[in-house]
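As written, the chains take the letters A, B, C, D, E and F, and residue 1 is the first residue of each chain.
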Amino acid sequence: MKKIEAIIRKTKFDEVNEALHDAGIEFYSFWDVRGVGQAREGRVYRGIVYDTSTIERIKLSIIVRDKNVEKTVNAILESSRTGEIGDGKIFIIPIEESYRIRTGETGDESLYIKGKEE
Amino acid sequence: MKKIEAIIRKTKFDEVNEALHDAGIEFYSFWDVRGVGQAREGRVYRGIVYDTSTIERIKLSIIVRDKNVEKTVNAILESSRTGEIGDGKIFIIPIEESYRIRTGETGDESLYIKGKEE
Amino acid sequence: MKKIEAIIRKTKFDEVNEALHDAGIEFYSFWDVRGVGQAREGRVYRGIVYDTSTIERIKLSIIVRDKNVEKTVNAILESSRTGEIGDGKIFIIPIEESYRIRTGETGDESLYIKGKEE
Amino acid sequence: MEELSISINNIWVLVATFLVMFMQPGFAMVEAGFTRSKNTANILTKNLVDFSVGAILFWIIGYTIMYGESIAGLIGTPSLFINDNGIGDYANKTDLMFQTVFAATAATIVSGAVAERTKFNAYIIFTIVITVLIYPISGHWKWGGGWLDQLGFLDFAGSTIVHSVGAWVGLAGAIMLGPRHGKYVKGKAKAIPGHNLAFGALGVFILWFGWFGFNPGSQLGAAGTENTLAIAHIALTTNLAAAGGAMAALFTSWMRYKRPALSLALNGALAGLVAITAGCDIVSPGGALIIGIIAGIILVFSVELFDQVFKVDDPVGAISVHGVNGAFGTLAVGLFATEGGLFYGGGASLLLSQLIGVAAVFAWAFGTGLILFKIIKSTIGLRVSRRIEEEGLDVYEHGENAYN
Amino acid sequence: MEELSISINNIWVLVATFLVMFMQPGFAMVEAGFTRSKNTANILTKNLVDFSVGAILFWIIGYTIMYGESIAGLIGTPSLFINDNGIGDYANKTDLMFQTVFAATAATIVSGAVAERTKFNAYIIFTIVITVLIYPISGHWKWGGGWLDQLGFLDFAGSTIVHSVGAWVGLAGAIMLGPRHGKYVKGKAKAIPGHNLAFGALGVFILWFGWFGFNPGSQLGAAGTENTLAIAHIALTTNLAAAGGAMAALFTSWMRYKRPALSLALNGALAGLVAITAGCDIVSPGGALIIGIIAGIILVFSVELFDQVFKVDDPVGAISVHGVNGAFGTLAVGLFATEGGLFYGGGASLLLSQLIGVAAVFAWAFGTGLILFKIIKSTIGLRVSRRIEEEGLDVYEHGENAYN
Amino acid sequence: MEELSISINNIWVLVATFLVMFMQPGFAMVEAGFTRSKNTANILTKNLVDFSVGAILFWIIGYTIMYGESIAGLIGTPSLFINDNGIGDYANKTDLMFQTVFAATAATIVSGAVAERTKFNAYIIFTIVITVLIYPISGHWKWGGGWLDQLGFLDFAGSTIVHSVGAWVGLAGAIMLGPRHGKYVKGKAKAIPGHNLAFGALGVFILWFGWFGFNPGSQLGAAGTENTLAIAHIALTTNLAAAGGAMAALFTSWMRYKRPALSLALNGALAGLVAITAGCDIVSPGGALIIGIIAGIILVFSVELFDQVFKVDDPVGAISVHGVNGAFGTLAVGLFATEGGLFYGGGASLLLSQLIGVAAVFAWAFGTGLILFKIIKSTIGLRVSRRIEEEGLDVYEHGENAYN
């Protein structure tokens, strides 16, 4: 199992979501973060210039079985790219164990729905 | 050291918090996330159906010493279950190092309070 | 590559941000979290005492090349300390792979800008 | 009456009508702010519905049930779809409008007490019943010239007739519904903080502003020396009581809970306003201030009592603000009225009438409320399912979130 | 006229002016609430600009273009910087103020329809043109005594003359701009929910309140029996139509989309208000309620039509609320006017005048709007770059975020 | 005076009173919006407190200190708990109410300048002193018929007497408190953006609306030709100055900082309103517009000056809006007054009186302010601890968060 963390543009979320669904990845969490990176925009508040580098981003956290890592990464890569600075990053992190709270299932089993697994 | 990431229902937070305290886990962070999963609810905005799968969840991030992993997981599992779809997940992630900013302590030491350790 | 997760005081963010820039760390993400820890403050809502332990914190997530881990940790440690309870924590987590969405670059390369690398 | 006097009265009552209408967003902001963000769209929709339903039904029938020719002092003779171009001290249609916004106030009070767990269709039904039956009938008893009026019961702008009626129905609703999930855990009350006290504060200031229509407007005239003095006096007593209520609740919470609580001070201002509403015309400025201060103190203890002892879950404090303090304010008339009040040597007879009025209206509103909610509960159901309550009424009942 | 009557009229129109001015935060809250948080500072700045620009330019020249001596019934004779201490039924400067806040209302409607993608400098330019040319000229046709007035066209407080004008210009703008990125994906409309429906609801309640200045104020007098009856009647019809519109939209959305939608009910209240504006003085209370109900139903279908069929992206529903229902309300006068209306045996001649007026104003406002936006588009440009639109106009156009 | 004239005046002044009272949520929203969310409950509580304290204490004693029989032109003869049923041009109690809401305005201005770091108990104490001493005494100098009035000093509705007084006390407070932590780092000013500019914009629109009570209401009458013309004129000049201020600040910030800033345009509207308050009755519409425009320009530079050069930390810009522009507006009367102004050939004598008035009130308000804050600082303390400031006053001072 791996955790795939992706930081994407807010405006790309719908497309990424669709691409993930098309790739069969239907379980994940996401939240708003602010990104510090190359993309910058000056702000002025009451005459004081400030905060030249934080931009709103969405962070996705997707835990997948090893065999699904590649297609997940590809789905995100393809759907979230604009080619302009600030497109974001994808990181892969090892996961040691996973539990489904509802059933107590552990391991790979906890990540897909029995019967529905492709 | 392990990081325990749990995604739970917002409404279960108080119970989980209490269960964790009862289990002696008194340090962690949490924030609001939106979950994509099996639990879905249709939304209609001005006649357009949309967003059929994101639900508000709370994500807990708890770093614990190896010996505390099991009891933490159990505390969460027991206190956050409703048995209905959408109860959430728990993931275990390896941690290589930990620092307490205030004192500069590292390793296991940074995770408990000396003298108060059970 | 490592992921450095730091939980700091909201009020220390500007200083940490500056320290990171000074250390050459210019890419990261952050978001608001609530922390459960030793720092507590009583709240009373309409006569009911409650919520004695959650405090607003900021969480930074910084993925860096191995060689930069130390200086990043030091930059945060030094700039975010007040010495009072509640200063927060830093955790190091292994990263297996990293992609830059814009270019598709992977590995260390995805974490710095060619030509600008010190 | 002279034509221009009528014009002056008419302007006054219309402007007051607009101010009272503007209390609706005040209620909406208070109720939204004091509840959780997952139910914001729901509570706003309810506020929109109760004002709209009130506007339509009070015109169709409610007004005549309240003000139609009295049948035995108990109820007015109903007639439908009034379109009356008559003029008394001011235009009859102005009166219809003024009374309509009062009716809507009574109805909207209920939504706060039953917030965050009531089915939307059930809400619509009981709002209708309140608007066309519960409110106009007890209203008739006093303002329609019914039996309470003949008894000598005094309630100038409706501490009891408007505010308490709404609150006692709300009390019946809160009891029949039971508390929100998570409100009482192992018998102990838990705090469920409102999601936006800035909305709460904005709402209270709006209500305070609107109350200058509610009370001075209830003089129903502005022309002539008597009216001129009266509306100035009423504006003053209203303002002093509100200020007294806010400060008293603030300091009471400060002493009792160690912290000066905004949420209680806000409720305290409303408590003062509700309490002065009955006697704003016949108490002195000093009397008004004292009434307000007592109201603010009562508010804090009443909230604690209902919340922690009676375990009636009233998310916005509507029962304490409008019910308890409506009753207190009405009784206070019997004490503080400069003519007839106990403290001014008027004896206990006025106080007794006030007591009868308060009790009768409580019995009526709470009683019919219980019956009403019981019927709804055993037919279409009163409360949303646990899952809907936990995930939020906005998504499940309305398909829309307030915040995105 | 008697001096005191003038004083009374003057108070009335001034108070109405203040209420109409207060519709500005109503619009601001509705437009901010129904759009995304990344564009909130932008839309608020636009609202501040259009009211300020309107206040200044309508005084400098707009007022006389609208109300100056008529040139062939088409346009008033302009004169600059009026400072007229005359008095008619009330002070002439009071009239200037009242007309100014109406002009600002027309201008502000546009900002909703073109929200979240328009360049700020372009916005300032077309707001100026609307305020000094588009609005006062068609306004002159009716209220300046121009050709539409002579034709017998009726529009009491401006369903067409104010609301539709703004909306048809907005329609031209929305078409010339094209939809927001992400609004239509593969030809299918996507939901882009507003970020704060609590602001939306607050805004609608404020507008409802302000409308009691807009409609009853347009009687332009309060002294004497006729005025007294008229303003009471107008307040009543206005309120009934608003309530009817809110409820009709709520239930229509409930039946059509399975959920009672707050956002549509809010728009429905406004639709009812816009629709009754033309005929609030000459329809019966029952007629007003029916007009409001129809307006609420039309609203839901119109929003769907423009959004999903015509694919015109109007984030706040301004075209359906102010344009379509402005037209409907104006036509409804031809049907529901108790004197001259088709349903009251008045024949079709009034309806025909109404139709001509609606069509002429549509042609004027939409036509000049298209030309105006075309010119701006091919000179300084109308729309922000994709990146700015995606990251938010607040940061890029104003350097400030609304929320921090 | 004729009875109906009195009734008309009375209505006018009461309605104006209500509008000025409604400025309280305007201030509350501006101050909450321009500061950080961790201090929102605190600032809202302060606003509630200063209005409540003002309402109570101005009735108990403040009013007579200001308007009691003059002692040597310096202070009125105090008397307690007035309950005066007299009538002049309107009811005496109406006058009490009108003056009370003005007093509360002065007090509330201070809270913005000292926001986000002041101890709550200290705040209560200095609010009391401002309401019963600082404001009524300098108020007496002009409006109580004191020495400034006899000097020929003009300040129609209180640019200096109300707004500057509040701001100069605020300036003393901001200096004595020192800047918020993190405001100046290594001698450089840092931006601490307000948490909700939508609240800020709502607040400014509410204030603009309320100002139609503040200025036209200060005519203190509406009956008769003179009053009719005056209030219409005042409404016009008030509106033009506000619009001019908003636009001037917008364009000034645009040119100076490359971006049209909402936060400064909002302050600019208020700057225009404050500046026109002194002369709204005796400057021409064109003069009003120019005064507003200059005020808007001054505002931007003044904010920069205090923030970056003087390093006085005034989170909401109260000193620049109410202090600097209050002074400017008062002086501008000496230039723009159509009778007696320098630009209208009236010579420099009026300007001189204005200068003396501005200087005297500055000395009084700033001086007593410094003493007051010094005393508080060395007794109970003025400023919260660093930890409380950093974590937020809401939790530590009130035990409640505004947002949950």
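Definition applied: contacts are C-beta pairs under 8 Å (C-beta built on N, C-alpha and C of every residue); 3 or more make two chains touch, one makes a residue touch a chain.
Owing to the predicted nature of the structure, the values given are computational and were not obtained by experimental measurement.
Any chain touching chain D that also touches chain F appears here: C, E.
Two chain pairs, A-E and C-D, are compared here, and C-D has more C-beta pairs in contact (counted per touch definition above).
Rounded to a whole number, the gap between the C-alpha centres of chain A and chain C is 18 angstrom.
Distance from the chain A centre to the chain F centre is 50 Å, each centre being the mean of its Cα atoms.
Residues of chain A in contact with two or more other chains: 31, 43-45, 84, 93-94.
Among all residues of chain E, those that touch two or more other chains are 4, 8, 11, 15, 190, 193, 196, 257-259, 261, 263, 399-401. Under the contact rule stated at the top, the pairs of chains that touch are A-B, A-C, A-E, A-F, B-C, B-D, B-E, C-D, C-F, D-E, D-F, E-F.
Contact residues on chain D toward chain E in their complex (touch as defined above): 3-4, 6-8, 10-11, 14-15, 17-18, 21-22, 24-25, 28-29, 32, 40-41, 44-45, 47-49, 51-56, 59, 81-83, 85, 87, 90-94, 96-97, 100, 120, 196, 199, 397-404.
On the chain A side of its complex with chain B, the touching residues are 1, 3, 17, 26-31, 61, 63, 93-102, 104, 110, 113. Listing the residues of chain D that touch chain C in their complex gives 189-193, 253, 256-259, 261, 263-264, 300, 303-304, 307-308, 317. Across the interface of their complex, chain E is touched by residues 2, 4-5, 8, 11-12, 15, 19, 36, 193-198, 201-202, 204-206, 208-209, 212, 216, 222-225, 227-229, 231-233, 235-236, 239-240, 242-244, 246-247, 250, 257-263, 265-266, 269, 284-286, 289 of chain F.
Every residue of chain B that touches chain A in the complex is listed here, in rising order: 2, 5-8, 31-38, 53, 57, 59, 73, 76-77, 80-94.
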